[in-house]
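The structures come next, written out as C-alpha cells.
Consider the two complexes below, in which chain A is the common component and chain B and chain C are the respective partners.
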Partner chain A sequence: MHSLLPLFIAIPLGAAFLGLIIAKLWRGVGGLFAFLSTLSLMVFSFLLLGSSPSIYKMGGWIPPVGINLVSDGLSTLMLVVINTVAFLAIVFSIKYMELYTAKPKYYALFMLMMAGMNGVALTGDMFNLFVFLEIASIASYALVAFGCEHEELEASFKYLILGGVASTLVLLGIAILYSTTGTLNMADIAQSLSTHGANKASLFALALLVMGFGVKGALVPFHAWLPDAHPSAPAPISAMLSGVLIKVLGIYALTRVIFHVFGFTPTLGAILMGLGGLSMVVGALLAIGQDDLKRLLAYSTISQVGYIILGLGLGTPLGIIGGLFHLLNHATFKSLLFMSSGAIEYSTGTRRLSQMGGLNKRLPVTTAGSTVGFLSVSGIPPFNGFFSKLIIIVACVAAHQYIYAGIAAFVGLFTLLYFLRVQRNLLFGDLPESLQGIKEVPFLMCFSLVVLAVLCLGLSFLYPLMSKTLLASARDALLNTSAYIKLVLGG
Partner chain B sequence: MIVYLLTFILFVMGLYCLVAKKNVVKKVIGIVIMDYAVNLLLILVGYRRGGVAPILLKGMDRAKFTTQSVDPLPQALVLTSIVIGLGVLALMVALCIRLYEKYKTFDMSEIRRLRG
Partner chain C sequence: MQGMTIIVKTVVRIVTSFIVLYGIYIVLYGHLTPGGGFPGGVIVAAAYILIMLAYGKEVALRSFGDKSASLLDNLGAFGFLAIALLGLTGGYFFLNFINHGQPFRLVSAGTLPLSNIAIGVKVSACLYAVFIALAIFGRAVYRAMEEPGKEER
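Let's look at the complex of A and B:
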C-alpha cells in the first residue's frame, strides 16, 4: 500500500493549484476538484486501514539520507480522521460558502491546508514536518481571515503572530536537534538519542518543540489565539480547525516527537498531564459565560483537547487508547457542533445566544444534529463522548492519578452544565419575532450534519471493534518505538 | 562561541520587538528578525572555519574533502526556511494593510474588538 502514500499530499496540492488556474475559465471547478479529491482521499485512507505499516522513500533515497513517508497505526488513524472530516466539510461548504465571494480561492486554501495536514501525519523527517506544518498553518491563517471583516482580520493577525512564533520555536528546536545528532530523520534521531543518551542541548530542543507544538495545539497556557481564530473562520473551516488542525499540528506532532523521537519518560508524561489538566479546567471555566455560540465551542475545544493530552500523558496502554478514542470522538462531535452553528448562522444570521431561542420549531435537522453534538460533548451515554471520557477517567484511577481522575469527572459535569444552558437558550423556549421566517438549511448541509451525528452514535457501538483494530494499532505504534525505528531504517 | 551568543541576542531582540511594540508593522519586523536569527543559527550549525564549498569536483581527494567542506544540508534547509518566511511575511503585510483599511490605525492596542 506504500504507493498510496504520496497521493495524500500530491492530490490536494494538485487540486489546489490546478483548480485556481482552471477557475479563470470556469468558476465552479474549485468545488468540484475539492469534492473529488477529498472523496478519493477518504477512500484511500480507509484502504490504508487494514494494511500493515509501510514506508515510501521519496525519490528512492534510502533513509536516513532521503525524506520518507511512514504510515503506521497512528498515522493511519490521523489520515482517516483528517480526510473524513475534510470530505464532510467540503460537502457542507458547497452551499454554505454562497455567503462568501472568491470561492475558488477558498477551495484552493482548503486543499493546501489538507496537503499540509496529510504531510504532517505521514512524514518521517523533522524538517519535512516543519515544512508541512507551515503549509497547513499559512493556509489556515488565510482561511481565518477569509471574511475580511474587522473581527476576522484581527483574529487572523493574532493567530498569525502566535503561530509564527511557534513555527520559529519549532525550527529552532529542529536546528538544535540537528546540531546534536547530525541527522533529520526521526527514527535516526531516536536511535542516536537512545544510544548516546539525552544531553542538555537535546532537552532544550525538546522544550522548544513542546512549546511550539503546544501553541499550535492551543494547550493552556498557549491558547490565547484559539478563541479568537476559530469562531472567526467560516463554519466548515472552524470545523476543520477545531476538529482536525489543532490535533494534527499540535497533539499528533507532539506525541510523535515525544513517543518516537525522544522516548516517553514519566517526567514528560507528568508535563503532558499537567498541561492537559490545566487546559481542561481553564477551557471549561472560560466557556461558561460566553454569549457567542462559536466562541463557546472554541473554549470547549480547549477543554476537550485537555482530555486527549491527559490520556496520552498517562502513558499506560489504557490511557493512550482513551486519549486516541477521545481524539476521534472530538473530531466528530466538534465538527458536528461547528457545522450546526454554521447552519444556525446560515438560517438566522446571528451567533448570539441571547438573540435566539425555539429553533427546534423551525430547524428540525439542525436541532437534532446539534443536540447529538451537545450530548456527545457533555458525555451522556450512549454517545461516544461518554465512553472516551470514561476510559480516560478509569485509566487515571488505574494509574493512581486520583487528582486527575477527579478533575476529569468534575470538568465533565461542568461541560454538561454549560451545554445545557446553550441548549435551553438556543433550541427550546420561544422563537423571537425576528426569527419567525427562518427555513431549514439546504440538503447538502443537512447531509454533513446527519452523517456526523450518526457517526457520534455509531462510534460508541463500534468501540469494541475499533479497540482491537484501529485504536490498538495506533497504541502499539506509539508504545513500540523500536518497531518504528526498525520499520524506517531496516526496511 | 561568541557568534552563537550574538545570534541568541538577535533572537531575543526580535522577541522584544514583537512583545513590546504596539505598532503591527513593528511586530511583523520583530517576527522577521526572530526568523532570521534562527536561519543564522542553522547556517552556523553547518559552518566550519576555513571550510570549502561543499562541491566535489573531479580530481579532489574524497577523504580530504570530507574533512574540509562545510555541511551542505543546513544550507538547503535555510533556503527552504527563507522561502517559507517570505510566504508568511507576505501574508502578514497583506493583513496589516487590510487591518489599516478597516481600523484606520496600526496601533494594536486600538485593534481590540475581540475579547472575553
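Let's look at the complex of A and C:
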C-alpha cells in the first residue's frame, strides 16, 4: 500500500498545473480534473485504512538522509478526512462556482491546497512540513480573496499577514531545532531529544512552533484572522478551511510535533487544555451576537476546535479518542453547515440572519441539511457531535479535570442556545416578501449536503466500529512515540 | 515616447542579453556550483523586467506576453512533477533514474540538471507574470479610482 503515498501529493499537483495548461484550449477541464483527482484520492485514502503503518522513501534515500512519507494511524485518519471533504466540496463547487469567474484558476488553487494538506499529513520531515504548510496556506490566501470584493481582499490581507507571521515563527522554530539536533527528520529529532534531553533552545523552538501552529489552527489568543477569512471565501472553500485546513495545519501539525517530536508531558498537556478551554469559551461567547450566518459559523469553529484540543491535551487514551472523534465529526458537520450556508446564499443572495426567515417552506433539502448540522454541532443525540462531546466530558471527569468538564458541558449548552436562535431566525417564522420567489439549489449541491448529513448521523452509529479500528490506530500512533521512531529509522 | 530616456534604453539593450546568458549559466551549472533553478530563474526574470521598465509595458508584452508567461509557468511546474513521476519507473518517486555520469562534468548528476531547467523556466516565467500582474492591476485600480472623481467634477 505504501506505493500509493506519493500519489496523494502528485495527483493534485499534476491536476493543478496540467489543468491550467489545457484550460487555455478548453475551460471545462479544471472541474473535470478536480473531480477525478479528488474522487481517486478519496478511494486511495479508504484503501489505506486497513493497511499497517508504512514509510515511503522519496527517491530511494534512506531516512534520516532523505525525505520520507509516513503513513501511520493518525495520517490515515487525516487523509480520509481531507480527501472525503474535498471530494464533496468539489461536487458542491461545480454548480456553486457559476457565481464566480475564472473557474480554472479556482480549481487549480483548490488542488494546490489539497496537495499541501496531503503533504502535511504525510511527511516525516520538519522542513518538508513547512514547505507543504506554505503551499496550503498560500493557496488558501488566494482562495479567500477569490471574490475580489473589498471585504474579501481585506480579509485575505489580514489572513496573509497573520499567516505569514505564523509561518515565520514555524520556520524559526524548525531552524532552532535543526541547530540543536543537527537533523530535520522528525523521528531523528525525537530520538536525539530523548537521549540528550530538552535544552533551553529546543524548549524555545517548541514555544515558537506552538505559537505558529496555534495561529494556523486559530486557537484563541491567535484567532483574529479566522472570523474574517472563513466567511469571505466561497462556500466550498469555507467548508474546506473550517472543516479541514485549520485541523491539518494547526491541530494535526501541533499534535504531531508535541506527541512525536518533543514527547508529551503533563505541562504541555496543561498548556493545550488551557488553550482549548479558552477557545471553547471565547468562541462561543463571540458567536452569540453575530448577524452574518457564515461569521457565526466561523466563531463556532473556534469554539469547537477548542474541544478537540482539550481532548488531545488530556493525554489519556479516552481523551485522545474523544478529541480525534470530535475532529472527524467537526469536519463533517462544519462542512455541512458552511455548504448549506452557501446553498442559502446561492438561493437568497444574502447571509444576513435578520433579512431571512421561513426558508423551510421553499428550501426543503437545504433546511434538512442545515438542521442536521445545527443539531450535530449543538450536541443533540443521536447525532455525532453529542457522542464526541460526551466522550471528551467523560474523559475530563476520568482525568479529574472537573473544571474543564464543567466548561465543556456549559459551552455545549451555549452552542445549543445560539444555534436555536439561528434556527428560529433562518428556517422558521415568516418568509420575507423579497424571498418569495426563491428555489431549491441544483442537484449536485443537494447531493453534497445529503451525503454530509447522512454522515453526521451515520458516524455516531459507526462509533463502536471506529473506536476499535480507525480511531484506535490513530490513538496508538499518537501514544506510542517509540514505535514511530522505530518505523521511520528502523525500516 | 514610451519608456525611459535613450541612454537607459541603449544600456538595457546591450546588457539584457548578458543578464539572460548569466541566468542560463546559473541554471545549467546549478548541480556543480552555487545557484540552481531558482536563482537563475530570478536573474532571467530580472532581464525581462528591465526591458519592461526601460521600454514600457507595450514593447515588453509584445515580445513576451502574459499568456505565454502563464503557459511557461505551468509547463515548468508540470515538467518538474513529470521528472519526479518518471522516477516511479525505477520504483521511487523522485528517483534519480538517469546514469549519474562523471562528477563535476556538465552532463552529470542524472535528473538534477533537468529539474533545475524546469524550475528555472517556472521561476522566470512566474516572477515575470507577477510583475505583469502588478503593472496591469495597478493601472486598472488607478483608472477606477480616477473615473468616479471625474464624474463628481
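We take it that the second predicted complex is superposed on the first by the 491 of 491 C-alpha atoms of A that agree within 3 Å, B and C clash if a C-alpha of one lies under 4 Å from a C-alpha of the other, contacts with A are read in each partner's own complex, and residues count from 1 in each chain.
Note that a contact is a pair of C-beta atoms (placed from the backbone, for glycine too) under 8 Å apart; a residue touches a chain by one contact, two chains touch by 3 or more.
These numbers come from a predicted model, not from an experiment.
When the two structures are aligned on the shared chain, A:T301 is found in touch with neither chain B nor chain C.
Looking at the shared chain after the overlay, A:S37 reaches neither chain B nor chain C. Looking at the shared chain after the overlay, A:M58 reaches chain C, while chain B stays out of its contact range. Of the two partner chains placed by the overlay, only chain C lies in contact with A:P6; chain B stays clear of it.
Of the two partner chains, chain B is the only one that A:D228 touches; chain C does not reach it.
Of the residues of chain A, not a single one touches chain B in one of the two structures and chain C in the other. Interface residues of chain C, counted against chain A in their complex, comprise 67, 70-71, 74-75, 77-78, 81, 84-85, 87-88, 90-96. For chain A in complex with chain C, the touching residues are 6, 10, 13-14, 17-18, 20-21, 24, 56-60.
Chain contact summary for the complex, chain A toward chain B: residues 127, 131, 134, 138, 141-142, 145, 148-151, 153-158, 160-161, 164-165, 167-168, 171-172, 175, 178-179, 184, 228, 232, 289-290, 295.
Here chain B touches chain A in the complex through residues 11, 15, 18, 24, 27, 31, 34-35, 38, 41-42, 45, 73-74, 77, 80-81, 84, 87-88, 91-92, 95-96, 98-99, 102-103, 111-114, 116, going by the rule given at the top.
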